[in-house]
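Remarks on the structure that follows.
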């Protein structure tokens, strides 16, 4: 299990939000140990993402958030533990098949194909659905509805968009694959407050549509605003986990952020 | 005008080599030194099929496509997939090229073999110059393949995926693209195309074991002139090299033609390092 | 009697020298002429291969034109020899000059585009050889070859077969000795640094282009020399000797012997010469075998046979010849540093449509630690890269002291700006002392020639390198690890090593990029003590850091960057209570978040 002792909130979790939960979580991560090559960066992380809910993975830089996300996507080595998506164990499944199985990944730093046009980027997002191009073109409309700012810029190379638009494009690209679970890695990084608000509003919209979302954020308050569940990582371990309403005090999170929490040698 | 036709036909072959470099380069960021050797192998298989085995033309094409395609995949699995780093790849692809040079020499000997053209062989008079039908076919095929490459990369999902892989492998993986399959597929495609070209190139160049290294270099110059990764660039670069070769051969003498191509390469590298159609590469930080 | 100490005292060049003398004296032992001839051929091949090793194994650039340069040397000497200029030393000089010229002319355009281009441009040379020889038919005999090369003379005395043999052996031994001197010198370390990472090399003040060109051009020299020797062996040369097959066999010998080694060239050349090249039936299969060797060698052998032997030697030394502990460093660990102010004014930078930096100004003063903090994506790395010259400013200025800072990375380093990297960057197969001394490459010059000949200028530079490296190693507490392999140390130690490397040039500004990430608490504490020491000695320290606590405890002045702008600046006490900084770090409020937080707050109030 996760680090005992620090998490009174975790024990309260079941009764706090049991009403809205379906019995089987969309994504279930158990005792995950992950890292780069032989180096282990994350230990024994466990958390769930449920249909129509946002789980926020919080922690300061270097806490292991991105590593966890990459391990779920199959980009990093999973040393032990299990990742289950919609009942399917993802162990040994190559990354591109995980995407086809319903994983949508938005990597950090607005990782879009900067030399390609907005439309090409979006079409590519639908590649995993293996359907005709014309059908994909129909899906474009849904993305433009969610992010109207992209509509007029279909022919523009992605590298020429503003940072906020690139982030929206990155999310739109992942959505084109019709994922069941959307993973967002620091979508607010480097964006102006108004834009962050817009991005978070679209997260709310997506969640309302039934999508499960795993949100990795450094920006606690933006994340807390949209999250149903919160898991906080510090130095590679889960230090707190539970429904957002059950968190006694943001100070605990802040401690983890500013390094006032316990450090742990690697 | 006859030398112009001859030059364009040669140029078409160089353009085809450069196109092969591009297909592989775009999909896996590898410069396949052995690409020209694959074309050369195609000419030998064409000779084997049409002269030794006396097979019908269609079967010869099929045979070439299958054999060279398989060899290309073997190359990908051994000399590319297992190797890390640019220097290592340089060494192993040069090695694979050498291996193909050696094998063809062992099997078919060092003498040039004439590959018969399946179509008409009567000299045509076109725009007050003599031209063989096979030369016209070569020029046509090069143009069609270059345009086809552009159409595929611009217009199809596969093409968009290919360009995505070349820009950012990991991000492409996260869009559900099987990056490894794309890399192998590109090698196989480059091999199959090289094979299919064997029966067309053979009649112009003969099947000879030294063909590979000279095609490799001139194809490289074509690509350097046109710019890495650009199909129209490869076509124009190829024609430029072919014309330089035939015209300087005619006006200055045989011995000057290769030298002139080399000078053109030096000039391009010094004055326009990204070629005519290439992207400026981002700085490495 | 202390045998290990005695064995240790034998210099590393001693055994090769003994072997060379023995081989040179073979005629005295009655070794047959045909064996002598074989050895001459091995020597010439080894010379050519050693040139390739310098550019491929040390500088990381594949050149395939060695056969053409070899031909150049051979024909220049052959022409002289056929026209009565038989003096070998004169011929050697002419061949060397010719090869150097060919190297520079092909290296400049080839190196501008990087690896593939150099391989192709140099390979093209090989294809040109027959054509050029045909064009110069009057002088070279064209495709029939050049005959009538007279017997060589040395200082006017005609050399017979045996005399020539000795000359070749001595020549080869001398070249290998010079090459050894070069690659074991600070220049060798610079080559390895370059191969590991051009970014690292330029951050140490090494000009990447010039260094690569040097390696390639110097690598052409032995090929020219070998050509001269080859022309005088049979007194006849023809284009057939310098074709594609030779090019590939040179590459195969290099890979087989080990490209990153001096003596590997001899091993590779000997194996190819005595094995495949010897048998006539082999000719037919030569290319097949070379091809297989290259593919297998590229896949399996990382450092060739010499690499394997070297590993054995290192292991044996560890086992039987433990190194005595070196006396601890006695001098002053950190003499006063003359820091200069680093001033950024109005820096603007955008990538495509993204404004990465907007009007950023900051000042880092000597004798202070200036910290730059901010959430991910705020522009810290961009700013750092601008200072170091990797990106050009769209607007604004960067000044070091009173002078504008160059925008070429290696010149920034030479101006006195040193840095560490987020992921420590340390070339393989260097000792800790060497890796640290690499930081002094630009601050004290010693030419290639003085390194090769071990002139006093080089010795002075090397002694200072050693002394200064030990000084900073003592400062960061890594004295004991002086002789360990640097790249295989744990992360925390490598970070300290990087700090030592950046300090060894006594920089006027020290940029530390995320120096504390991945360190445990003890290591962070050591780093903090170190940074304070540097500051107190007058250094200008710029700390780019995520670790908020570390920054608060260390910095004299903090700049907070957010979305490409300076959000706040001030002392740690001011920053710690700055409301906007808190918001920025913890993220932006959204209406929904506001609501949820209020309820969360109420719950906690109830508790």
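Letters are used for the chains, namely A, B and C, taken in the order the chains are written, and counting of residues starts over at 1 for each.
Following the convention adopted for this analysis, contacts are C-beta pairs under 8 Å (C-beta built on N, C-alpha and C of every residue); 3 or more make two chains touch, one makes a residue touch a chain.
Computed from a predicted model, the values in this text were never measured in an experiment.
Student: Determine which of the two chain pairs, A-B or B-C, is joined by the larger number of C-beta pairs in contact.
Tutor: B-C
Student: Most central chain by CA mean?
Tutor: Looking at where each chain's C-alpha mean falls, the closest to the middle is C.
Student: Measure off the straight-line distance from the CA centroid of chain A to the CA centroid of chain C, and report it in whole Å.
Tutor: About 41 Å separates the centre of chain A from that of chain C.
Student: What is the distance in Å between the mean C-alpha positions of chain A and chain B?
Tutor: The answer is 44 Å.
Student: Between chain B and chain C, what is the gap in Å from one C-alpha centre to the other?
Tutor: Roughly 35 Å separates the two chain centres.
Student: Please set out, as single numbers or ranges, the residues of chain C touching at least two other chains.
Tutor: none
Student: Can you list every residue of chain A that touches 2 or more other chains, as numbers and ranges?
Tutor: 114
Student: For chain B, which residues are in contact with chain C within the complex?
Tutor: For chain B paired with chain C, touching residues are 31, 33, 78-79, 82-83, 86-92, 94-103, 105-106, 210, 213-214, 217, 220-221, 224, 255-259, 262, 265-266, 269-270, 273, 283-285.
Student: Sort out for me which residues of chain A touch chain C in the complex.
Tutor: Residue list for chain A touching chain C: 60-62, 108-109, 114, 157, 159-163, 165-166, 186, 188-193, 196-197, 200-201, 204, 217-226, 244-250, 254, 257-260, 263, 265-266.
Student: Which stretch or stretches of chain C touch chain B in the complex?
Tutor: Contacts found on chain C: 56, 60, 62, 64, 108-110, 112-113, 115-117, 119-121, 123-125, 127-128, 131-132, 134-135, 198-199, 244, 248, 251, 255, 284-299, 385, 390-391.
Student: For the complex, which residues does chain B have touching chain A?
Tutor: 156-157, 160-161, 163-164, 167-168, 170-179, 279
Student: Please give the residue numbers of chain C that touch chain A in the complex, ascending.
Tutor: 351-355, 375-379, 517-518, 520-522, 546-550, 563-564, 583, 585-597, 599-601, 603-604, 607
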